[in-house]
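Presented below is the structure to which this report refers.
Chain IDs A, B, C and D follow the sequence of writing; residue 1 opens each chain.
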Amino acid sequence: MTHKLIALPQAVARFTRDGMQYASGAALPVGADAVAFGRELIRQNRRQLHAIFHSNTQQLNLLCAAGAVDKLECGFTGLEGFGFANGLRRAVESGRVVLEDYSNLSMALRFLGGALNWPFVPATVNIGTDVQFRSAFHPEEYASPRKIPPVIDPFSGQEYGALSPLRPELAVIHVTLADPEGNAIMLGSEWSRFELSRAARRVVLVADALVATDCMRQFPNLVRIPGLLVEAVVYWPFSAWPQASPGVHDVDEPHMRLMNQALGTPEGYAGYRRDFIDSYQTLDEYLALIGPDRITALSATATGFLLDPYRRWLLSRADIDELLAESKAS
Amino acid sequence: MTHKLIALPQAVARFTRDGMQYASGAALPVGADAVAFGRELIRQNRRQLHAIFHSNTQQLNLLCAAGAVDKLECGFTGLEGFGFANGLRRAVESGRVVLEDYSNLSMALRFLGGALNWPFVPATVNIGTDVQFRSAFHPEEYASPRKIPPVIDPFSGQEYGALSPLRPELAVIHVTLADPEGNAIMLGSEWSRFELSRAARRVVLVADALVATDCMRQFPNLVRIPGLLVEAVVYWPFSAWPQASPGVHDVDEPHMRLMNQALGTPEGYAGYRRDFIDSYQTLDEYLALIGPDRITALSATATGFLLDPYRRWLLSRADIDELLAESKAS
Amino acid sequence: MSLNYTRQEMMAIAAGREIRDGELAIFGVGLSLLAGFFAQAHHAPNVRAMTEGGIYGATPVGGLPWGVECNRLCTNAVSFTGGLDALGFLVASGRCEVGLIGAAQVDRFGNVNTTGIWGELLDEHYRPPKTRLTGSGGANDIASGCQRVVIMLAHEKKRFAERVDYLTSPGYLSGGNARARYPFRGGGPSAMVTTLGILRPDPETKEFQLDAYFAFSSPAEIRAQTGWDLQFAPTLHIAPEPTEEELTALRRVDVTGALRRN
Amino acid sequence: MSLNYTRQEMMAIAAGREIRDGELAIFGVGLSLLAGFFAQAHHAPNVRAMTEGGIYGATPVGGLPWGVECNRLCTNAVSFTGGLDALGFLVASGRCEVGLIGAAQVDRFGNVNTTGIWGELLDEHYRPPKTRLTGSGGANDIASGCQRVVIMLAHEKKRFAERVDYLTSPGYLSGGNARARYPFRGGGPSAMVTTLGILRPDPETKEFQLDAYFAFSSPAEIRAQTGWDLQFAPTLHIAPEPTEEELTALRRVDVTGALRRN
């Protein structure tokens, strides 16, 4: 069986392009998201992205600050306990990012509709509010007739809302564990990663750790994303940093604040880019940037027991490097 | 925390009634279904059930043979490798059971719609066929305007089908493992048990084995039915017999054939009822009926390794009896 | 004040009192999470708490969670599913009995704005806000689907507006039975719990009226801090101050003392 | 015959040849499962096999599975999900490239009946069938959604009807572009593989014509066993007999010899 491992820079080069619909598969703002993929998007100067984020994360906050996003569809744009997302906020307030608002459920429903290849998704939410009436993509329309148009229930004759399904060109999904064939386990809330993995036209995984396929055979009910849906697997531990990955590491509170503060101004962003995006070339340099002490501290998470059942199948760094060398050779 | 354990006869007495919408949460015909719950329904002479079975199982085959079902909605009425379901077949051909046909996906979608409390569910399947045009519930209508009526997509103006959501009064769901609070783990295909557990107005679990709640805390991503949705938990090992329960036991091939052959005639059913329904009073008598040798053989399933990670949390029979005694006392 | 407590603590306790034992309840992040888990710790031990991330049966460990699926809520959960399950199957469906949401701005009918501040009436042509807020998150879904909703917000005149800049989450829309025009599965907001008191909707008009004020507040102060002509309910009264048991329970939940930094 | 093989084996191999390497493919129970796993064992090692129960990456162990989620398919799966995922997200969506289904009765446009036999034309008033079959199961979903569908059935005159008693799973409906009236995500049946030969639809009319007959059969026999006036395709030919490699691969899959009991 051929494996699907690929290095992060190659994954960005091969699977992304300027102007594409780019979806992130993540937990909520403080949870698991492949923020490192966004750093690499910036390193490769991707522009004019049409971003589809179920909820904001530091990745989106960063991409907005970098000017990499033109259009955005999103259910929640804050950082929960860490306040407003300054990079996103600046970009939206200035009009540089056109943000089409939905709710958290309607984003999930739109992925569901995309996964089923439905023409529309019935909605009992968002209707009757400005989420339905106001469209940033069609600002001249009020009430917008096409953002969440009415649909008539044929059984009762009553009017419901109709959400537009999402089928993003690419979804980059954070998972806790993947095997080299792309079978994946998520620990913690799936949020909408299950539905998104079916809605997206292509799926790339970013995994905290790699395991042997035998782990998947031991826990097939945990494998919510089977390899047959997956194009490529990127191994990048702490890709969610400074956010958390349940079972693996906690949120880096000081860096969450530092980062969000930096993204509040162009100068701050420039400094952040210099220090935390352009300052590493390799995974090891990235991990060194976080720092061994901080990695140790963040890894001492009270959720660590969640990973215990799978540790015996973890692939070593040497195993992984060997597989990656193979894929480079081929 | 108060537990939700209840004995099988009490569960049937408390949660079922003649004429109710009764849904079974099961895998496909050869897989996990709480057949034993159906045996108890017959022992308590439940009648006029409106049965909602995603797929047929030996439970449905039996209930049909027993004359306990008046109306049925179903996606598949066979027994897969074991042929046609003779009890169901007789009941449908004679008109005693009125069977409304759907496909396997449309049953799942109808549970999804029930779980979301939608008025209808868009369909790209079943349309254009007799599954849409013919309604056994409204036999005089052709093409039936209300079984799967058309709905107009507001985005394109094109016509789609509209499935009616299901919100059964009771779902009795087979699970591999439950804790006393009703948190549950299924091994093998969920089929539609996840959606059904949200669509049904009340949920009763029938579990092959009970585990301590710590097992659920170790594997929260496996707990697809949380206790907060569950009314009661029945402990009844081999409840799926003669069908299989992945990780626990294999299908009993000779009994599958014996049972289905018996259900092919009224006399055969009467004998089956005498020998395999009215012939036991307690769980121990039920297990004795299957027979210790057969239990040993069926338990030697090649899927047994799937249960290994959870064995250390299994509650003993003594633990379970103690909990049940408590619930009787209260 | 008979006991030493902060305004934030009073607000969290007042909101927590809105939750009844055994209910299926969804809490947001921050204050509403504390209010919810205070209720569980105090008078609603069997509340079935969930978050919009699909985290069931969890209690916070190690401090106030940074988010609704923060690791501080992942250490003792019995089930993790996802957003479609939590916000869809359990909330939008009408199954969830009570939801707690925050608000940046409300109007007299309990409509909520958490999307942005324009600072002036937005005309038919949409444009970016002066101040972008968080958007709906799960709030619209909770406001649409929960059987009843409790809104929590700081009582400041600019937040209690004649009309919200953007209607993010539905209260009673234009009032009366306007909500019935839409197939929401939930009943609408049952209370606004603010830093100064408690407002409840008139049964007919659905206009929110002052039902209770806190011991450190007054009806006059509240009216002055409300942007519409606030009416007093016939039941107007002083909300009971926190009891010692309540305060103890709340502080057990608020281990890091987030609510004591007034 | 150059090799000793059964008609069932020829049919399974002919159906398996319809599956290409790398495809996402859904197999039903019995013969179609064997055909699918034969393809995987022979010429399509990277076929991405799934069942309608949402079992991924599995190969049968211990004999022909009794069902699509039999324990014989549960011992080495990498993922278990459920029906909504398999039949909805992957099949009805149009994502699945090929599906194999069985049929009790077909018509000239590849419409399938697996619901019941009435033995006479059913009028507008519905009534129970003389012989109840299995209903759709996942077949309607596969026939609606898969990019292409291969229908497998015994070639008997009563099964190849002028009109099916009940249209369970859509072929080309009334022929031509009739299918376009409905928003199916799949393209319709690409072949009927029978116990006697292979039928394929005319590109324009979508009427199924005889494309190949097996070495032990003949166009005349097939026409005699077809209930409509069967046309021969311009490409009519003898289907290649099983090669030794094919037969070895099939028998490795059919460990219990189910197909050798003719």
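Heads up, the rule we're going with is that a residue touches a chain if its C-beta (ideal position, glycine included) is under 8 Å from a C-beta of that chain, and two chains touch if they have at least 3 such contacts.
Quantities reported herein were computed from a predicted structural model and do not represent experimental measurements.
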Required steps from chain B to chain C (each step between touching chains, minimum): 1
Euclidean distance of C-alpha centroids - chain A vs chain C, Å: 28
Mean-CA-position distance for chain D and chain A (Å): 40
Intercentroid distance (Cα basis), chain B paired with chain A, Å: 37
Numbers and ranges of chain C residues touching at least 2 other chains: 74, 80-81, 88, 92, 183, 185
Touching two or more other chains - residues of chain B: 116-117, 119, 124, 158, 160, 187-188, 190, 195, 220-221, 224, 306
Pairwise touch network: line, ring, star, complete, or other: other
Touch relationships between chains, expressed as pairs: A-B, A-C, A-D, B-C, B-D
Complex interface listing, chain D residues touching chain A: 24, 48, 50, 55-57, 74, 76-81, 85, 88-90, 92-95, 183, 185
Residues on chain B engaged by chain C in the complex (per definition of touch): 115-117, 119, 179, 181, 183, 195, 198, 213, 216-217, 220-221, 223-228
Chain B to chain A touching residues, read off their complex: 116-122, 124, 146, 149-156, 158, 160, 162, 164, 185-188, 190, 218-222, 224, 305-306, 308-309
Chain C-facing residues of chain A, complex: 27-31, 54-55, 74-78, 80-82, 84, 88-89, 92-95, 99, 101-109, 112, 124-131, 133-136, 139-140, 142, 158-160, 187-195, 244, 246-247, 250-251, 253, 256, 301-303, 306
Chain C - residues contacting chain A, complex: 29-30, 51-55, 61-62, 64-72, 74-75, 80-84, 87-88, 91-92, 111, 115, 124-141, 144-145, 166-170, 173, 179, 181-185
